[in-house]
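Dropping the structures in below, format is structure tokens.
In what comes next, subunit A is part of two complexes: it sits with subunit B in the first one and with subunit C in the second one.
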Partner chain A sequence: MEAYIYNLVNLIAIYSILAVTLNFIMGYAGIYSLAHAVFFGLGAYTSAFVAQNVSASILVSFPAAMLAAGVVSLALALPALRVRGEYFVAASLGLQVLSVTIYSEWKGFTGGIGGVLAIPPVNILGIDVFRPAAFAILSVTVLVLVLLIVNALVHSSFGRNLRAIRDSESAAASFGKNVPVIKTISVVISAALAALAGALYASYLSFINVESFTLDTSVLVMAMVIIGGTGTVAGPIVGAAILLILPSVISYFDFLPQTEIGSLQQIIYGLGMTLLMIFRPGGIVGRRSGT
Partner chain B sequence: MLAIQLAITGLQTGALYALTAVGFSLIFGSTRIFHFAHGAAFVIAAYFFYAAFGAGWGVIPAIGVSAFGAVAFGLLLDRLVYVPIQRHEGSFFTVFVASFGVGIAVQNVIGMIFGRGYVTVNTTLSRSVEVIPEVYVSPLAWIAIACAAVFLGGLGFFLKRTHTGMALRALADNPELVRTFGLNPRAIQAAAFAIGSVIVVPAAIITSATTGLSPAIGHHVMLISLAATIVGGIGSIPGTMLAGVMLGLAESLALLVVDTQWTEAVTFAILFAFIIIRPSGLLGRATAH
Partner chain C sequence: MSMTQPQQGETLMQIRNLDKSFGGVKAVDDVTMDLRAGIVTTLVGPNGAGKTTFFNLITGNLPRDGGEVTWLGRDIAGVKPHRIARAGIMRTYQDLRLFDGMTVWENVLNATEYGALPIPLGSAARAARRERIERVLERTGLADKRNTRALDLAYAERKFLSMARIMATEARLWLLDEPASGLDPASYDRFLTILREDVAGGVTVCIIEHNLDIVIGISDRIAFLDRGKLLADGDPQTVLNDPELAKIYFGERT
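Showing the complex of A and B:
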């Protein structure tokens, strides 16, 4: 039971990092990305590669993951500068599909479909962290750090610029805001922080493969943000916790087909998203009137 | 010879892409509703046909069941989800998320009923015949191309010559003016959903006999529909058709240089190039903003 709870805490912390970072660009900059799992995956693969070949120290593998995701996110920032709304959804969907192909094919880096095995545990000041309880401290700490960074950004002038761009790009530009630079920075920050979730995930499970970084994951993270409340501080974490506890709740009800837990979970959050949009577009935590 | 073979296969794929994408393009162009569940309409049409045909209902009744499923889905979604949302706001994001949620639910319900693996409808029509030396074409390829010609031609005629068609185009241009002329925008919107959903039926059925179906095919359908709509130019039905055929041909001809798993990457590269260089698309006039 204890192990189960620690495991759940770790997963909630990791997915909360993804949801918080996606909310950063979705809720504050109006960039609706269906490609967040790409950076989750890139962070995981990069930190696994570095941990196996260079050093498993948190001071080496985690920054490497952030750097890789930050650089690759420029591929997502490029269309975000040109277009918004439906165009960007299409571009990010395409990037997600393309990345899954690359992750499945680039065997030297990702191990192909088989994935990467025996990833060494993350090393902090000479101590290997791998027990679920110890790891929970690490993952929650990283989550808190990410929250602090995002919160500081949102409440700075940078955050005000982002909201101005979300509400009216041309108005922000006419006030002399450098819209392309602000948007690019926000995408890069979001991707780099999302890579931390990937690095945690890889070292926690010590095994990763492409299954964890598909469109389904991007969709799940987006559902967490939306159900919790887009553009709120607590929303993404509430959403992540609800959606990750959902499978256990389903297994509690005997009359539901237990072999279909994954499908039931997706049906529930799919319909949940639809109903929220009809009756409460702001999400669970969000304001009643929506955005 | 390989190039000719691939070009014919590409034309078949392109015909199906055009038929799939044009429904989304019609709905999005005329109502501005980002109907992400269009992929779900395709999945429903395809699996309804698969189930009815598999139960021994014969081809014509199975096509009827399939068309009924797609149209009922489109109309119900419009009535129960989009209309209530439009009543209070209807920003792009709200509509997209609601539609997206329905798509996820449909994919998983279908997956629970029919299984998540690939299924195929068995027919002798998918057996390839050697038409000229070393070029093999199945009768289904000709059926796909003929269907595309008939349905897309019919749609073009409908939009140009009938009252409903003209009203649809008017709705795309100016919804307020439509109301001023005493037409009911909501009824026209319902018509857009009925037509946009029914036109995926031929593509869904032919796909079920050629490449096969899986519940997750809806995402692929959406990627193609979005790509064709954007590459063709948002609001331009002929542009979408052209782009659909072009994407099919490009995916197929790309096999001359790359392996099959990269075909979606080709679509993405074309889409990406258009978004960066020419967001207004092939035949579009409006810009992205």
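Showing the complex of A and C:
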């Protein structure tokens, strides 16, 4: 039971990092990305590669993951952010689809469909961290750091610029803001921080493959943000926790037909999300509608 | 109303033969004028005369088809809107375009934050900025609403917030697109006071306005646009007393 709880804590922390970093661009800059799993995956593959070939030290593998994701996000952000919002959604979807193909085929880096096996545990000051309890401390610490960084940014002039751009791009430009540059920086920061979730994930499971980094994951993370509350501090974490705990709760009820759990889960998700959007469009943590 | 004679300030902006068409319709047609420091120029004309398009061409929101616009002697063709704003030309929008999800204070504060990355200010600079914003909120009557989201403000308050944003900047030229439309008389007075004070403080204003009380109360000069053409450009009495222009303005086209 204890191991089960720690496992859940680790997964919630990792997905919370993804949701918090997606919320950073969705909730504050109004940039809707369907490519968040790409940066999750890139962080995971890069840190796994570095851990196997260079060093498993957190001071090497984690920054490498951030760097790779930041650079690749630039390739998406630079052309796509010069056009209107809808095009960014389409471009991010394109990147997501393209990346899954690359992750499935580039055997030297991703191990292809089979994935990467035997990823060494992350090393902090000479100590290998792999037991779920110890890893939970690490993953929650990283989550807290990400939250602090995002919060500091949101409350700085940079965060105000993002919200100004979300509310009116033309007015923001009329007050001297370089809209494409500000949007690009926000996407790079979001991707680099999302890569931390990937690095944690790779090290924690010691095995990764492309199935964790598909469009389904991008949609799941977006659902976490929306259900929890777009543009709120606690919302993404609440959303991540609910969507990760829900499957276990459903399988806990013995009277439900165990073979149909999967489809039942989908029905509950879909229904829950629809009802939430009708009665609480701001999400669980967000403002009530009309206030 | 007292008539201020246009002072012969330095020419800030030169506009020469400015042209813009939308699908064969000339929105701005060969307009030439100068904007001089310290002068309030009012653009009048019927709806669709090209007044807002004229602003959009100056601020880089729209590319022009032909002509020349210089600011402090420098050609600003093809310069991006945010660069034009930083050069000292700022505008308001007829539909306001407030930062609706942000508070009144954040709206005004953010109007002064140009840089992409946060620049740490010293405590003296921060205090000076805070004082400047306080003063702007006081003058626009928004001091009590500082923590209200722009979205939740009443109509007149939203108009004043639009003014407050531009007042907080250090822009030398203000382009105001119908800033006083729909205001009640008390708000008119407040608006006129603000404008007079800031013009006295060195700001140059170009304003689109339909309300003749405002036009007479504030203008040093009136430019009359119709169907994209600059039909008249001169002191308020001459332009407003021209019977031909009055006919166009009030819809009795000959």
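Here is the rule we go by: the second predicted complex is superposed on the first by the 275 of 291 C-alpha atoms of A that agree within 3 Å, B and C clash if a C-alpha of one lies under 4 Å from a C-alpha of the other, contacts with A are read in each partner's own complex, and residues count from 1 in each chain.
Just so it is clear, a residue touches a chain if its C-beta (ideal position, glycine included) is under 8 Å from a C-beta of that chain, and two chains touch if they have at least 3 such contacts.
Computed from a prediction, not measured in an experiment: that's the story for all the values here.
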TODO: May I ask you to decide whether A:G114 touches subunit B, subunit C, both, or neither, giving the answer as first, second, both or neither?
DONE: neither
TODO: Mind working out whether A:A164 is in touch with subunit B, subunit C, both or neither, as first, second, both or neither?
DONE: second
TODO: Give the label of whichever partner, subunit B or subunit C, reaches more residues of subunit A.
DONE: B
Open item on the list: Which partner chains sit in contact with A:G176 here, subunit B, subunit C, both or neither? Use first/second/both/neither.
Closed with: second
- [ ] Kindly list the residues of subunit A that each of subunit B and subunit C touches, one partner per complex.
- [x] 170
Task: subunit A residues touching subunit C - in the complex, by the definition given at the top - done: 156-158, 160-161, 163-164, 166-168, 170-179, 181-182, 185, 231
Open item on the list: Touching residues of subunit B toward subunit A in the complex: what are they?
Closed with: 28, 34, 36, 81, 84-85, 88-89, 91-105, 107-109, 111-112, 219, 222-223, 226-227, 230, 234, 261-262, 264-265, 267-268, 271-272, 275-276, 279, 288-289
- [ ] Could you pull out which subunit C residues touch subunit A in their complex?
- [x] 59, 61, 80-82, 85-86, 90-91, 93, 97-102, 106, 109-119, 165, 169
Task: Residue ranges of subunit A in contact with subunit B within the complex - done: 30, 32, 78-79, 82-87, 89-91, 93-95, 97-98, 101, 104-105, 169-170, 215, 219, 222-223, 226, 230, 257, 260, 263-264, 266-267, 269-278, 281, 290-291
